[in-house]
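Going by the order they are written in, the chains are A, B and C; count residues from 1 in each one.
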Amino acid sequence: MTTTLSTPTGADLEPTTRRRRRRLGDRLLFAYTWLIILWLCVPIAVMILFGFNDTKGRYNTTFQGLTLKWYGRLFEIPALTDALANSLIIAVLNTLIAGTLGTLVGLALGRYRFRGDGTTNLVMFAVISAPELVMGASLLSLFVASGVGLGIPTILIAHVMFSISFVAVVVRSRVLTLDRYIEEAARDLGAGPWTAFRLVTFPMIFPAVLSGGLLAFVLSIDDFVITNFTAGTTQTFPLWIYGATRVGLPPQVNVMGTLIFAVGLLIAAGNVIAARRRPSSAR
Amino acid sequence: MNEPTPFDPVLFRGMTQRRLSRRDALRISGLSAAALALAACGVKGQGNTTPTAPAEDAIAKYWAGKTKNGKVDFANWPLYMDPKQPELKKFTAETGIKVTYQEVIEEMGPWFARTQPQLSAGQSIGFDLMVITNGIQFKQYVQSSLLAPLDHSKLTNFKANAGASYKTSAYDPGNAYSVPWASGVTGIAYDPAKVKTPITKLADLWKTEYKGRVGMFSDTQELGNFGLMVNGVDPAKSTATDWQNAANKLKEQKDAGIVRKYYDQSYIDALGAGEVWITQAWSGDVFQKNVSDGTNFQFVIPEEGATIWTDNMAIPITAVNPVDAITLMDFFFRVDIAATLAEYINYITPVPEAQKVIKEHAAAASGEDKDFLTSVAESPLVFPSTADYSKLRYYVEFENTALQQQFQSIFEPIVLG
Amino acid sequence: MSRRLAPYLLILPGGLWLLLFFVVPMVAMLSLSLQQGDVVSGYQLTWHWQTYVDGISNYQTQIIRSLWYGFITTVLQIVLAFPIAYWIAFRGGRNKSVYLFLILLPFFVSFVLRTISWKFILTDESFVLAPLKDVGLVSQDFHILGTPMAVIGGLTYNFLPFMILPIYVALERIDPRVVEAARDLYASPVQTFRKVIFPLALPGVFAGVLMTFVPASSDYINSEILGSSGTTMIGQVIQSQYLRSQNYPTAAALSFALMAILLVGIFTYARALGTEDVLKVAAR
């Protein structure tokens, strides 16, 4: 833990009392953190539960006993399976593309002052503030006018468009607080710009890139409005679900949600185990 | 109460049929190239503002030279067909036409907003057949000449098997552009466990004893229709003055705190959760809800009347495989096919003869399946009686978009407080 | 690579993308907001500014309500997000990214599923409310769904990660030794927080506010699902104007009016913050 770094120097009258108080504070914060995480997961728990619901008909909102049958019949609705696959593909590609482009924009905005930085900031903020509906509708008009067919590429274009700003804003806030002299020192020591970036700057902004990438993933996999306009004949997970609510959501949707969540938990657990094996980094 | 006007389709047809115009025929035959150039300006429309039945030569012109391609792309609403798609498999086996079936339509507004630009620009939307609800968007599709005129010589099953009232709808006289897929009734649903006196009238939705426990629809057409009918006005014959009166009546209901919320599809969950006790409702939902949850919710067609809506199959004007599409269209009107569809959908089927087939299926089945099929065959919500039909009214028909927007602006403030 | 060129090269790919797929279509939308006509007979550019005047005056209640909900949501989120971001940044140890991932994981599942679940939990006779009603803690008519509380709760829930992550990103880069030193200097944790931690976290808070206040104010789905007619937000009006009335100019005009208000708000807020970051943002 980081507390090991905090050996106070000089006259410290009551180090033990303070340490104890801090430890209590840490514990409270730890409990609070988990409380929030649990709160965020509350609806997920309900979703998981209804994946086991033995509903007799088309509606799945009243609990009527446990069953595992929906897991066995998971891929019974081919359109739903395809929709989920599409969503995952788009979300991953979006994370990579918007993550990269957004990071570059964030670097530029955070580090340099240049003609047009104000306009760029304005556009970033405008994307975030624009109601999705007009973005989707206007993009559709553009695609129609240019005669390109609608499908996964146009969905991806749209998702990258609105994700870039979120990544850029997060990265920019990080870059703003960075000490630029560290990178310059590296350059003075003979590192090329690429080497300096790779070995010095990138590790420093990595938490922001990671956060931005995660946000881009979430924005993409959950988007309904803009996707609806740019999808053409392609189905995504949110589009299918939203349509199905009109007539009742099949429990397979809950099962798929559960599996996504479970895979996520496995990835998290894998990371924790891997981190145990690695020596702790300084921070 | 007021005496209900009998459901007289012929009368409606007389009211809504328009003169034929040569200009429209030309428009159908070829979408102007100018449309593409304009597309960059956002949204544009085309066509005149009065709906028109297509001229004979327009039909001939559209279908001339069109041939069977061996495939068809079909856009439908989710859960409007058994996921195993038995009907489509049969169709492919019999005709050799492959069907790509996608459940891409969620709501009429968004569906219109996303297909209209492509259709107006003369581009394919990727579908040869789509299911669209009668209502303002349907009219806008027709007025903008975005639907292919149907060649009825290719619709023999439809002619033989579709119920009479489905051949004379007010929204598409003579089925010029569409044939029905399934219909539903907008009536009242209530929970008899909470509402002690049986609900029989629309006026019951205005009773203060149900304060905070009444659900109404957020869709202005559905909401407005109830306001109109409780005032004794037939929506299809209503005027702007009637709309204003209906809005006042609905405002009264809202200001008295009777309405809990203006719902979309979620009203059925609200009813199930006890949030509302009595609500505007779509027929098929109540049937399904009772089957799913073992509840005993009642669906009533009120004395003053209820509305019938229809989801219709139509061919977008830019369809790549229209011949295959119209073949599939007609296939759904075979009695055996209509029967299995109705067994899954549980809304009103346009093929009355299907009832017999479902009864046969029920007789052949056993256990839970038997009970279910029997309940489908006997349900007035799937096969309404003649008495029920006589109380059904069509939606408000708008002559033009300006009137539709006027209607919208009268009722919208009630929903969006 | 010249230093003068560097920023341009960096923004080039992302900038082009946004120019092509955001700016250009939005200019077309802007033009549509000044056009008159209807979807069947087409639209003509008449520079009809009256659409804006009418739109804003007809729906000022919903606009003000949206900004108010957005504001409360944002304040709630800063309060909720700061401690958790702080703990992960300083005490997350090796598992920082895992915590971030866990916070985002519920959002991998579609909002429809999440909100349906919330409705199940919060509905009038749910397993949460029914016992409270049975023991008489709340009245039989008490409900959460359909109230502003439900809508603000939903907004807070759905946008919380967008506040936690940027604050975390800002805090994470603070050297814990600086905090230690500050503690030694000021002794009081409150002072340490006020004079050291919070100022250093400001760029993150700014990014968080931008990513929560702005989308929360233009949101429509939370109010649509969890609210009632008394909680209608401007996003729902835009939705209704575009999709139900097919009144495209009004929908576009309302959108641009809303964007303008939000952007003015953001830049004013940036100026008021007065950090170096913000000077950079506001220096025009």
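Just so we're on the same page, a residue touches a chain if its C-beta (ideal position, glycine included) is under 8 Å from a C-beta of that chain, and two chains touch if they have at least 3 such contacts.
Given the structure is predicted, the values throughout are model-derived calculations rather than measurements.
**Student:** Looking at CA centres, what chain is most distant from chain C?
**Tutor:** B
**Student:** Could you tell me which two chains share the largest number of C-beta contact pairs?
**Tutor:** Pair with the most C-beta pairs in contact: A-C.
**Student:** Between chain A and chain C, what is the separation of their C-alpha centroids in Å?
**Tutor:** 15
**Student:** Using Cα averages as centroids, what's the distance between chain B and chain C in whole Å?
**Tutor:** Taking the mean C-alpha position of each chain, the two centres sit 37 Å apart.
**Student:** What is the distance, in whole Å, between the centres of chain A and chain B, each centre taken as the mean of its C-alpha atoms?
**Tutor:** 39
**Student:** Provide the list of chain C residues touching at least two other chains, using ranges where the numbers run on.
**Tutor:** In chain C, residues 28-29, 116, 120, 242-243, 248, 252 touch at least two other chains, as defined above.
**Student:** Please list all residues of chain B that touch 2 or more other chains.
**Tutor:** If we look for residues of chain B contacting two or more partner chains, we find 40-43, 107, 110, 113, 266, 269, 273.
**Student:** If you look at chain A, which of its residues touch at least two other chains?
**Tutor:** Residues 61, 137-138, 141-142, 242, 245 of chain A touch two or more partner chains.
**Student:** Mind pulling up the chain C residues that touch chain A in the complex?
**Tutor:** Result: residues 1, 4, 6-8, 10-11, 13-15, 17-18, 21-26, 28-29, 80, 83-84, 86-88, 90-91, 93-118, 120-121, 157, 160-162, 165-166, 168-170, 172-173, 176-177, 180, 183-184, 189, 200, 203-204, 206-207, 210-211, 214-215, 218, 220, 235, 238-239, 242-243, 248, 251-252, 255, 258-259, 262-263, 266, 276-277, 280-281, 283-284 of chain C touch chain A.
**Student:** Going by the contact rule at the top, pick out the chain A residues touching chain C in the complex.
**Tutor:** Residue list for chain A touching chain C: 1-2, 5-6, 8-10, 12, 18, 25-26, 29-30, 32-33, 36-37, 39-47, 61, 101-102, 104-105, 107-109, 111-114, 116-118, 120-123, 125-131, 133-135, 137-139, 141-142, 157-158, 160-162, 164-166, 168-170, 172-174, 176-178, 193, 204, 207-208, 210-211, 214-215, 217-218, 221-222, 224, 237-238, 241-242, 245, 249, 253-254, 257, 260-261, 264-265, 267-268, 271-272, 275-276, 278, 280-281, 283.
**Student:** What residues of chain B sit close enough to touch chain C in their complex?
**Tutor:** 38, 40-49, 107, 109-110, 112-113, 116, 136-137, 140, 143-144, 212, 219-220, 254, 259-262, 264, 266, 269-270, 273-275, 400-402, 404-405, 408-409, 412, 414-417
**Student:** Along chain B, where are the residues that touch chain A in the complex?
**Tutor:** Residues 36, 39-43, 73, 75, 77-80, 83-84, 101-107, 110, 113-114, 117-118, 121, 123, 125-127, 265-266, 268-269, 272-273, 285, 288-289, 291-295 of chain B touch chain A in their complex.
**Student:** Which bits of chain C are touching chain B when the two form their complex?
**Tutor:** Per the touch definition, chain C meets chain B at residues 28-29, 31-32, 35, 37-43, 45, 62, 116, 119-120, 123-126, 141, 143, 145-146, 224-225, 228-230, 232, 236-237, 240, 242-248, 252.
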